[in-house]
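Please find the structures below.
In what comes next, chain A is part of two complexes: it sits with chain B in the first one and with chain C in the second one.
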Partner chain A sequence: MTYFLDLISSGLAIGAVYGLIAMSFAIIYKSTGLLNFAQGEMAMIIAYVAWSISVRVEGNPFIVAAGSIGFAILFALIVERIAIRPMMGEPILSQIMVTIGLSVIFRSAVVLILDGLPHNMAVASGNALVDLGGVRLRVAQIAVVGCLFLAILAMWLFFRGSRFGVAMRAVAADEATARLMGVNIGRIQMAAWGAAAVMSGAAGVLFAIAYELSPALFHLGLKAFPAAILGGLDSIIGSAFGGIVIGITENLVGGYISSGLKEIAGFVIIILILMIRPYGLFGQKRIERL
Partner chain B sequence: MTILKGLLAAALLAAPAGAALANQGITDKEILLGEIEPLTGPPGLLGVAHNLGARLAVAEANAEGGIAGRQLRLIAEDDGYVNSRTIQGVRKLIHSDKVFALTSLSGSGQAIAALSVVEQSGIPTMISIGPVPQLFEPPRDNVFVVGQTYTEGMRQLALHLAKAHPDKRWGVILQDDDYGKALAEGLKQARNDVKLNIAYEATYARNQRDFASEMLGVKDKEVEVLIAGGIISENIAMVKEAERLGISPVIATFWPGRVPEVLKAIGPASDGLLSVDYVMPLQSAGGIAFLEKATKYLSPEEVARVNRYTMSGYSSTATLIAAIKACEADLTWACTIKALETNPAMDTGVMAPISFAGGSRFSNSPVHILRADAATASYSLVE
Partner chain C sequence: MRSGFFKETIVEHIHLTDSRLQRAWILIGLAVLLTAPLWLNFYGLSLVTLMMITAIGAIGLNILTGWTGLISLGQTAFMVLGAYAYAISTETWGWPPLLGFALAGIVPMLASVLIGIPSLRLTGLYLAITTLASSFIVNHLVLEFDGLTNGSSGIFVNRPVIFGYAFNSDASLFYLVAGFGILAILLSLNLRRSRVGRAFFAIRDNDNAARVMGINLSAWKIYAFMVSSFVVGICGALYGIFLSFVTVDGFPFLLSIEALAILIVGGIGSIAGAVLGAIFLVGLPELLGMVFSFFGPEVQSLLATSAHEVKGVLYGLIIIFFLRLQPHGLMGLWSDLKRAWTIWPLRY
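Presenting the complex of A and B:
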């Protein structure tokens, strides 16, 4: 039983990492129609910046968190303003190519600017071990699950209860009409990029504390994207659920069937679900009138 | 008859081109060397370090007066660990930059991809980042491989572990690629000599980041000796997972990730981690002397990035430079290749002396077992 609980808890923790990044994919897609293929790389860069902060403040978790969030927002706004905003109105494929180009630049930048070496995130409190009924987890693993649920709650309240959230939904539903109604598309895009960077940054930093910090961290984005597809790319909360499904499935398959099948298990589930629900578990079917 | 004329014309055109190639990269003032490796992206950890080693060997040779009054100059190309870019880069170095010799051909997969280009050109080439059998079996006249194969490294490591920890339960976690297959073959060869009780085996997909289920398997099967067959981040994740689960098997890793940064990234759990390598640890007498040399020719920031790849890159390049130096009077590819074959073994102090005697194109360097010390983030030799 402990073995099963260990697999579930580990799956939940890694699934929460996927889920937060998947939510980042979804929020940008939902509000701008764009797929940001540099999301994993942004998480990696924010994690590296968090590490460089942590070694200067002796691992104070509050300063690391505040610094990382501040940097994530600033970083996202700069990227959005310099690379994405000028592409508004251009063909979607061109915009996606810009994000792919950004991903390559970020991967190289982490080596050229931030040394690109593996590091130990010096946040001792996040690295500490907690025993939960025989299941040992790092504080950062518990924190990432907490962050995911917090993000889900925040997104739900934001889209339901705030004017800005309603404006975002309006842009997602019909950008042209929303523009005619006076919605500032640029501000919506900035907010989406900022929120996405904070969520993927939290995932990257907590992953780096609990598992490892190396430039290979960007691969999390490649795992989170299918999670977003599984949950429904236009469903932010569904994407979070998709991440958890993939994380737990991977661990159960790796633990009970074969480690070699672990990486493909999530994709098998995605294919099966997409065959039944082509718009993902929580995605909405779009009806286009000609 | 037309075909015959065509062939004759082609041969006439090719002959002077080949002769020109064989002497390219040499002017009255300098000898141009080239290398290709990953200088950006995650594998930059090894490529940048290797480049520092090659530059150190070049700087040392230049400080000693160069070769026949000529200074050596090194051009480094970045392939980002992408095979197609390796091939493009090698073509550029040979045909556009017209270097005299190559000091690196990137990692094993990249070197295999670019091997035909190098072989056809005939340019003297040293390979030290990824020494795999495909690069020296069969031997190519102009390609010299420095190091040891993963298979032999695994065999030696398994024999050591079997002797040091007899009758223990083993776990093996390997990558699902050629690297993992090479390690599996080494383990198989070791099992011909010693009996191993392998209680847990797992193969993971490259780029996997989460090793929770694998390490839970290790815990479940009560593994006492674990072969962590990852490269860098995979091994960090595996050891940290072992720490999280509260298990402490003897964990053994391989030289691709034997760098101080990995120990620092793991933290206290890295204490006692075993590794196998043909390069001496930085804290050995040879390593300390090497660091002193590096301090003389590299900047403090560069010295901070010195690791085992710097040492193997230095040894390999120094061996090539010694061969070129032996050909001062006849600076040609043929003479350099001959000198690489016949020169006395090159002893750099950080590896066993490098020799290609007897027509071999593989240095077949002996390996050592090393143990990590978490407090100093360093390795020491296991007696």
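Presenting the complex of A and C:
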């Protein structure tokens, strides 16, 4: 029973990491119709920057958090401005290919510039174990679940209440009409990229604290695809839920069946979902008009 | 210079070429290719062999991505399946290599039906994700079934012996690959001008319109998947023979990106573009090596120790630059040049 609870709780933690990255996919997809294949790589780069900061400030959590959030926003804006903005209005194949190109560049650049070795990242007491009624979790694992709920709440309030959030929803619903109403699409895209980078950056940094920092961190992005698709690519809160489902399923498969199957459990789920409900559990069914 | 194209029958229209000049160029090109082992050194020969293998893979992907408009990130998966089908059938079971090649095409073809069926309802983004997922699933399956595939230690592949002739020397391997390359080009040229090719183009250009014209979308999409993965599987088998060793590590995911980059560099949908792109992308790291050697041994050793990463950055930059500045690729550049040459000194 403890084993089962352990699997569930650590699955929840890793699921929250996937959920945060899946939300990043969803927010960019919702506002611009583009899937950012480089999201996991961006999370990795932000985690590396956070690590470089943490080494210099002896793991002061506030400086690390402020530094990495600032970097995440700056990084996302630069990438969006240089690589993505000029591709607006191009065919979807070209846009996807640009993000795929970015992902290979980031992945290789980290290994070239830094190194390919795993590092331990120590920030405050992020590594410490906490006993929650028999289940032992690391502080960073609990923090990532907290972050996910915070992100869900923030997104919900943002899209319901704020002027900008309403504009974003308008762009998602009908880009041409939104433009006619005076919505600046460029700014919407910038905001989406910034928010996505902060969320996936938080996921990357907390994952690095709880487990380890290595160039293999970009795999989180690949693992988050099933989460986003399970929840529905256009549903931000659905993606978060999808992340948790995928994380727990993966851990249960790894714990009870085989560790090799754990790695591909998410991908098998994707293919099954796409066969049954291609628009995801919470996504909007697309009705095409001829 | 002819002033226009005048065709009176459909047979004339679908001829591969009716220009004597073009035929002459093809003959010269073939002569250069077939005499290449006589004047190329060992290194150059293996580079050209690798270019041809890559070109076969790109031609295969072009059928799916360039013609039918289905984005695939599963190139690596089909190559792995082809390479393992060949290695297991010829090395473990002792089948003759020709049967091995047939199996190297058929296994990925069957797998592509499995991957293709869930993708029928999907377009663009989702298809890219399912094919990406499939490439990870295939890698893990290969590692899981280690009784058959030898797991992570891989299978050693001997050079094939076909009809009593052993393809042991590098020159003979070159001819084998060249033979397959010419076959792949002929196959796809003839596919392009047939009913099949026209159906693919129709699906790419407007799937609803194609459907109204009586094209069964599901059947033709699966068919595109099958033809494409057959060719890619053969490419995988040849790559395995070229490396003389088949492991999962020998087929990194970067190969899928490389194949898409080749199509973009060459010009999506064009066979000549796929070949040109392959030559460009395989040759580029060598060119880069020469440039690096000017900067001294330290920079050159960087290229040697982290070749995979340098290639990754290079492919990424090339994809982005071509999409931004020359979306029609090298073939687009070529037709621009031709146009400029014809109408010079006028601008249009």
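Methods note: the second predicted complex is superposed on the first by the 274 of 290 C-alpha atoms of A that agree within 3 Å, B and C clash if a C-alpha of one lies under 4 Å from a C-alpha of the other, contacts with A are read in each partner's own complex, and residues count from 1 in each chain.
Assume a residue touches a chain if its C-beta (ideal position, glycine included) is under 8 Å from a C-beta of that chain, and two chains touch if they have at least 3 such contacts.
Note that the structure is a prediction, hence the values are computed from the model and not measured.
Enquirer: Quick one: on chain A, after the overlay, do chain B and chain C clash, or do they fit? Just give me the call.
Expert: Partners clash after overlay.
Enquirer: By the touch definition at the top of the document, which applies to A:Gly255: first (chain B), second (chain C), both, or neither?
Expert: first
Enquirer: Could you tell me if A:Arg138 is touching chain B, chain C, both of them or neither one (first, second, both, neither)?
Expert: A:Arg138 contacts chain B only, not chain C.
Enquirer: May I ask you to decide whether A:Ser94 touches chain B, chain C, both, or neither, giving the answer as first, second, both or neither?
Expert: second
Enquirer: Name the contact category of A:Leu129: first (chain B only), second (chain C only), both, or neither.
Expert: After superposition on chain A, A:Leu129 lies in contact with chain B alone.
Enquirer: Now for A:Asn60: first (chain B), second (chain C), both, or neither, which partner does it touch?
Expert: neither
Enquirer: Tell me the contact category for A:Asn184 with respect to chain B and chain C: first, second, both or neither.
Expert: Neither partner.
Enquirer: Quick one: classify A:Ser52 as touching chain B (first), chain C (second), both or neither.
Expert: neither
Enquirer: In the superposed view, which residues of chain A touch chain B and also chain C?
Expert: 107-108, 111-112, 222, 258, 260, 263-264
Enquirer: For chain A, which residues count as touching chain C in their complex?
Expert: That would be residues 35, 37, 83, 86-87, 90, 92-94, 96-98, 100-105, 107-109, 111-112, 222, 225-226, 229, 233, 258, 260-261, 263-264, 267-268, 270-271, 274-275, 278, 290 of chain A.
Enquirer: Could you pull out which chain A residues touch chain B in their complex?
Expert: 3, 6-7, 10-11, 13-14, 107-108, 111-112, 116-120, 127, 129, 136-138, 207, 210-217, 219-220, 222-223, 247, 250-255, 258-260, 262-264
Enquirer: Applying the document's contact rule, which stretches of chain B touch chain A when the two form their complex?
Expert: 39-42, 44-45, 48, 80, 173, 176, 202-205, 207-210, 212-214, 216-217, 220, 232-233, 236-237, 240, 243-246, 261-262, 264-267
Enquirer: Considering the complex alone, what residue numbers of chain C touch chain A?
Expert: 69, 71, 73, 117-119, 121-122, 124-126, 128-130, 132-134, 136-137, 140, 143-144, 208, 254, 257, 260-261, 264, 268, 302, 306, 308-313, 315-320, 323-324, 327
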